[in-house]
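Look for chain A in each of the two complexes below; its partner is chain B in the first and chain C in the second.
Here is the complex of A and B:
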């Protein structure tokens, strides 16, 4: 009799836990872009880590600063050495939630609008953010996309006077991450 | 009664979805089993510490254009405007063939000397997934001077005007501000003035930099020449110190040195100035980086 109980408990337990699902990726993409009169800055990171928990909507990002690749090697060096100080602050993180997760049907393919709210930490500075984007459900994978601007001053990233006109004060961030179910 | 613990367990299982991992646990999920290898970047701002080579190369596909300028000696007085009326200039370029190998060429106004070099990063300091405590680069150059022959009637050999230098550059970046380098060198001269002079001249030197802000550092460099190698003329150790100022794609290095020579042979084996006598030369390097070949992901 005892054995049956164990079986039942495990089965029931698994069924209930089955409702919760985690989607993850280790090679999401983040592109940063800014255009100022003298200098165009563009960098791509294709090793972005993200995890999305359904049904709670918890959504986290972990980005290694050194994984941003620039067209100009020297710009990449300055980005790490002088602006983001990646030795001191090696990663950027986002801890947040998809607030309208209830409106998204993860069992039905389609593109759903999503609102994400949470805390973005870059260069050791945490700032609350709220952004809109989309979630695309296709072939069991979830692709989150968003495009927004962040202000360098929010993250204590200072621009020296000598190049203040060369560098834009805000940076456009494009996020595209395709996550698959974690087993 | 015996069933109570099982009911409790069942309840726990039912409650389990509510105990789902919070955001921090999700973040833990993203932790890499293997942390990425972190190669130490920018041990020095540019390919020179002050006047001598640093372990750095231009990045792959990048060309460094470098102008080196030394004025005359400060102790030549007002009549010579403290050296401002004289100049030795080397104009050079360096190119990063890949992540490790770079080559360079240069032309020096001192005896119209042409030089060419190769620099190879053998070992790279790294942390994270793989650790290594220092960087090691090998440097080799050849220089040849091309002024008119002093005795054109005699049979002259081009080889007698050639000098070579081999250096082992060993450097470590301590934290983000301090970098130190040890530089053993060997200079070979095909022709020396007297038979007592050595053809192979050994020096041991080093240098370092200390960042005082994100874009400014103080640098110094010293090379000791072992006694008894150069006897037909008086030569001294080379000491240089200066400031690096970085502005975008340029690095300005302004310095004082007792070496007029700008090639390795010139400042390692032929430094005739002495700091104590005021044989000090004001100099500067201006370098500019150009991206010649873009990284793969940025090619159209």
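Here is the complex of A and C:
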């Protein structure tokens, strides 16, 4: 009887390992964009660390603030020193879940709508977020895409009075991360 | 020409010159030339990574936003979109390889792609921090 128990444990363990999958990338992309009377603000970060666990739907990404690259050096300096204070708050994180993960067939190529719920931490402030996006399954890779707006005031990012009417109070965030299965 | 007109014209020329200089050297100043910047620190790549792994806060204070020169064994060169990334691996974590990831300046992409894994290389770049798995360096150049 004992050997049957061992067999059952090995089989269950194999099944758990067989079904549990982790998709990761270290080269995800996040773009921030805002257009206001003073000027257009645009920056890209292509070193976004991302992981998606299937079938739980746990989804996490981590971004280093100093890895955002701007076209204008002065804008990058202000972003790091005055707005995001990247020496004090060097990273932004998202910890959450794809809530409709069961509707996504990871074995069938296609583009699936996805809803992400979790907590976004920027500038040391954490806020709950719920956003829609897509998951594309193609050639064994999973590409998550989403576009949403965040309010600077939610994350305690203050705009100096002198430019308060010339800088947008919200910023558009575009996320595009292509993850491959972890071996 | 009357004296006051000369003064006004002179001030106008000075004002235009000042506006041009402010626009060129302050508002539209170029990004630093990371290839030419003298590094703040020259370190062994593994020791540099270990400092972040063992004491992230201290390492952040020391190295974030600084230009660092590292020497170590290259694991591989990765390409992502238009980026070329030199990867040093020093640990295996929950999400795979962990170490130092160096995004090369475009000028060094072609040279970096010719590098062989396991070779000892020297790279200089701008440290943007540690994301729990890797130390990230941007605007990197190869040093011979």
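Convention: the second predicted complex is superposed on the first by the 170 of 183 C-alpha atoms of A that agree within 3 Å, B and C clash if a C-alpha of one lies under 4 Å from a C-alpha of the other, contacts with A are read in each partner's own complex, and residues count from 1 in each chain.
Operating definition for what follows: a contact is a pair of C-beta atoms (placed from the backbone, for glycine too) under 8 Å apart; a residue touches a chain by one contact, two chains touch by 3 or more.
Not measured: the values here are computed from a predicted model.
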Fit or clash - chain C, chain B, common chain A: clash
Partner chain(s) touched by A:87 [first = chain B, second = chain C, both, neither]: both
First (chain B), second (chain C), both or neither touched by A:149: neither
Residue contacts with chain A in the superposition, chain B compared against chain C: B
Which superposed partner A:134 touches (first chain B, second chain C, both, neither): neither
Touched partner set for A:72, first chain B, second chain C, both or neither: both
Which superposed partner A:105 touches (first chain B, second chain C, both, neither): neither
Partner chain in contact with A:20 - chain B first, chain C second, else both or neither: first
Contacts of A:165 with chain B and chain C, given as first, second, both or neither: neither
Touched partner set for A:29, first chain B, second chain C, both or neither: second
Against chain B, colliding segment of chain C, chosen among 37-45, 73-81 or 109-117: 37-45
Footprint overlap on chain A, where chain B in one structure and chain C in the other make contact: 22, 24, 26, 49, 51, 62, 64, 66-67, 69, 72-74, 80, 87, 90, 182
Chain C-touching residues of chain A, taken from the complex the two chains share: 22, 24, 26-27, 29, 46-47, 49, 51, 62-67, 69, 72-74, 76, 80, 86-87, 90-91, 182-183
Contacting residues of chain A [partner chain B, same complex]: 5, 9, 12-13, 16-17, 19-20, 22, 24, 26, 39, 42, 44, 49-51, 53, 56, 58, 60, 62, 64, 66-67, 69-74, 77-78, 80-82, 85, 87-88, 90, 93, 95-96, 160, 162-163, 166, 182
Chain C to chain A touching residues, read off their complex: 26-32, 60, 64-65, 78, 80-81, 83, 85, 95-96, 101, 103, 126, 128-134, 136, 138
Residue ranges of chain B touching chain A (in the complex, touch as defined): 3, 6, 9-10, 13-14, 16-17, 20-24, 26-27, 29-30, 36, 38, 41-42, 58-62, 175-176, 214-215, 246-249, 289, 291, 294-295, 297-298
